[in-house]
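Below, each structure is written out as structure tokens.
The same subunit A turns up in both complexes below, where it pairs with subunit B and then with subunit C.
Here is the complex of A and B:
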């Protein structure tokens, strides 16, 4: 005890340790992420000319993005997809994360099930997506099953190359990214809290609402934010398996293909702005530090 | 009884999600053996022709090799960056949260936006597009996940354990080697595995800035023209290979856990 008392108090004010540790990651992010983002913002104010651009300041790209009906429709369609995908993913992911965190006792089984959910992501994204074709096609497995069950009297062509297919494939691609953070948050909850709550007379519903749900909200927010943003930036799913419609991502992709970089940049700035607003809104409602 | 209904309900949703995640995988494996040259039922006969087809395509094999190279490099570089960064958060420091959110931007910026910005960035610097121009971009995307995992994986007692080891006379290096590292190693390994997984499947950010192509770019290009069962055969092979790799890693991990004495 004497030893402990004799030690000088730990230095706090000038402790450079944490800064040295985060510096490499921070530098990398500043150069390779912030650098490109600044370039996009600058480019969005340049004047487009045929297949190129000139560095003359203009607001015309933004005016076009907000007034052009095709651009507007594509931004709205993207928001629609993202909202549905994020909402359904959270509703599906929460019970799964809860089941894995609280109802599986064996640690080995828990790890195995978590790994089992990740394995599909080692398969190429495009291959995973086109693998839905035999399932969803007019002659496909889903139609066969539904007709066998007499739910449908004739095969429906609506399952493939439709909004349904886009949303289904996006949920399949992203749901695991919601399960992960919610599982993490649930696993961090101290079981003693439930005993304390039960001792003070809280029933199961109250316990779930006041302890489980509230403490897992940071996980929900991270998962929902990720899925929302991922679906916003996803230009390929509708192209491979959805109906012929242009999402904001495809709009940017196509503008890049036609080398209209200033316009592509303006649409990028707009959807990134929307993404940031949504993420900030999700994060301010919860205390993310509960996760750590 | 009410508890049992809850458990059954949860299990049902879990099975639904598992079905959703796995049904294309099952469909991919089944239809890869179809001898007919189309992607939909019925299955005409069983054959390995689609496997022969992709294995004999040097373009696909080369792009797969490039994907593996890039994914391994991404995992290594990301690990070197996120492990110390996550560890910095074992105690609070000024500006900690601002720095955290700045790095997290890597997963908040939509992929297509970042990919576009990256072209301008490389153009401005005069860097020619190659396989390795993908590395910084993949690392930016993988790094936040690793940092979150390490930060979340820090034992609340870590600082006390370190202090205890120091009090007992361990050098800083020994404290790190025998106390800190064993406690955060699982989170670091998980982050590295995650970085590998993200990189090997990356399409949305790479499309503008990686050339010659990686496997996702190659496959996407093929699908633009015509999807064939050869792609299903390729996907099936990758699945079997990944599962085999996972079993090997799992066995090695168990063995090494048994051989290493608990940190004392």
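Here is the complex of A and C:
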């Protein structure tokens, strides 16, 4: 490592190859992601008129978004769902990832179990989500079991078309995306570190806290960020299985149904901004470089 | 148990599958000693070290540290610390936090901790690098952090598992001197595992040579080098010219040896009679073999041809072919003149009675074929 300094710096040769290879993806991203995003941001500053808009700069859409109680409630509800879903997903995923990374010795079994994790995704999202209805409904499996065990005397209507249902189905959809990053972070930890910690006087709990947990935080952050962002943008799950309430996604959808594009855009920008701030906070809170 | 014993192993056995990594191993390490365990890979030295650390639980036998039976005592409660070959530094912590880790685990107050860490970093010459992360350090610096992390605790014993194995030769030599100095300054017992016998010679107060889970020999470096108990030890520690022979007669403490290179008398001891009629071997260390003009005055002479010369500035090694077998003669070049001998030229080598070390066994391991193990023949 000292010797690296003695070596002359490698000559940088302009090679177009890699740039040509990245061009299709770059074009696609520019046209179908960056372009529309810019369009939404620009639109959010336009002035809405009856069932249309005029390209005159205004901040009124933002003022409305921050003062309109329905808009506020929908943003808060979305944040609540996303926080709970991200939090519970991390709590559920961590033990699974830990088990896969540290307790399964056989590489074949490890691969098999990782593949098994994605089996639910072989089923279409709609089917997967609708399948919860007979599980959670008043005549559903869950109520049946709870009544059979005499925990409930009559079927509870709270399981379906409720916050519970929304959060449950979102967790079910996204938890695997937390298991992956945490598993990778855990699998990267040199087992000798535990021996070094033990030889320095750390018991199992302290080893977990100071070594395992700290070194897996980047994985936790990536997983949590993914689930958080996905939940914030999840428009369909609450609509299919949740209670009658307006999430941010539905609010935006409703606004554009009335052709108030500028207002819908402003709420979209706010939601994206909040997601961005939370992701940045998550990633700066942990040292992501540990993962590379 | 005497109070100057720091670590004691009593009949420790550890099986991995059907092979015994340690086979009824017993030894004592004295307080403040620099104790080196050496041997080829798989000989059980690392298993012994890890057993002392509590990272391996022996199948039989007992381990005592400072007279305390360590059975059932987990690693984190043993009065030890450890230095690893791959350093095993905590990548998410700074140099300071790495070194402070053990003190933190023991609940040492902040101010005292700071002072101790700075002291330990000073001893390994890392002052000023406290806020760096391990990945920002060179290999040598990382290993110094590893050493500081282990010594800052002032444990009863520091266990070092090939700590210099991942460094280049020049850095190894430098770190050897630093480790030796550090050991002297701290006065803590060091138990050091290496397969590098030269390193053990440099560092150790006492060396223990292991082979196939058993102790071949234990003693100060000079004793291991000059009076090896077996062919295995003679071949593992230092270079040697090995000659197979038959013991034909005993003359006091000398034994007469009959070999394909002629008859020799070798020193053995008062019980030399017991060797008569048996197959033995003897070694002559290269620096004891005289060559050219120097060989004219020795008691024994062998005629051969020079195969090649290895010139190292401070010393020269001549490889001499004697009836198809290579013998080595080494000469220190201080005041002595470097005698250049052309390859292929007939040359005489020789040695005296006291240059011979008679070996009556191959190894403590029964049926161990040292030739096959060492030469892969």
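To be clear about the criterion, the second predicted complex is superposed on the first by the 262 of 292 C-alpha atoms of A that agree within 3 Å, B and C clash if a C-alpha of one lies under 4 Å from a C-alpha of the other, contacts with A are read in each partner's own complex, and residues count from 1 in each chain.
The rule is simple: contacts are C-beta pairs under 8 Å (C-beta built on N, C-alpha and C of every residue); 3 or more make two chains touch, one makes a residue touch a chain.
This is a predicted model, so every value here is computed, not measured.
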Using the superposition described at the top, determine whether subunit B or subunit C touches more residues of subunit A.
B
Looking at the overlay, does A:40 come into contact with subunit B only (first), subunit C only (second), both, or neither?
first
I'd like to know which partner A:259 touches here: subunit B for first, subunit C for second, both or neither.
neither
Which of the two partners, first being subunit B and second being subunit C, lies in contact with A:76: first, second, both, or neither?
neither
Considering only touches as defined above, state whether A:202 meets subunit B (first), subunit C (second), both or neither.
second
For A:226 in the superposed arrangement: first (subunit B), second (subunit C), both or neither?
first
I'd like to know which partner A:213 touches here: subunit B for first, subunit C for second, both or neither.
neither
Name, in rising order, each residue of subunit A that touches subunit C in their complex.
1-2, 190, 192-193, 195-203, 206, 210-211, 214-215, 287, 290
Of all residues in subunit A, which touch subunit B in the complex?
3-4, 15, 17-22, 24-26, 28-37, 39-40, 43, 92-93, 95-96, 98-100, 103, 115-135, 137-141, 144, 168, 171-172, 175-176, 179, 184, 188, 204, 222, 225-226, 229-230, 232-236, 240, 249, 252-253, 256, 261, 264-265, 268-269, 271-272, 275-276, 279, 291-292
As the complex stands, subunit C meets subunit A at residues 53-55, 74-77, 80-82, 84, 86, 88-92, 101-102, 105-106, 137-140, 149-150, 153, 159
Under the stated contact criterion, what part of subunit B meets subunit A in this complex?
2, 7, 9-11, 13-14, 16-18, 20-25, 27-28, 30-31, 39-42, 80-82, 84-85, 87-89, 91, 93, 96, 99, 102-103, 105-114, 116-121, 124, 136-137, 139-140, 143, 147-148, 151-152, 154, 167, 197, 200-201, 203-204, 207-208, 215-216, 219-220, 223, 227, 231-232, 234-235, 238-239, 242-243, 246
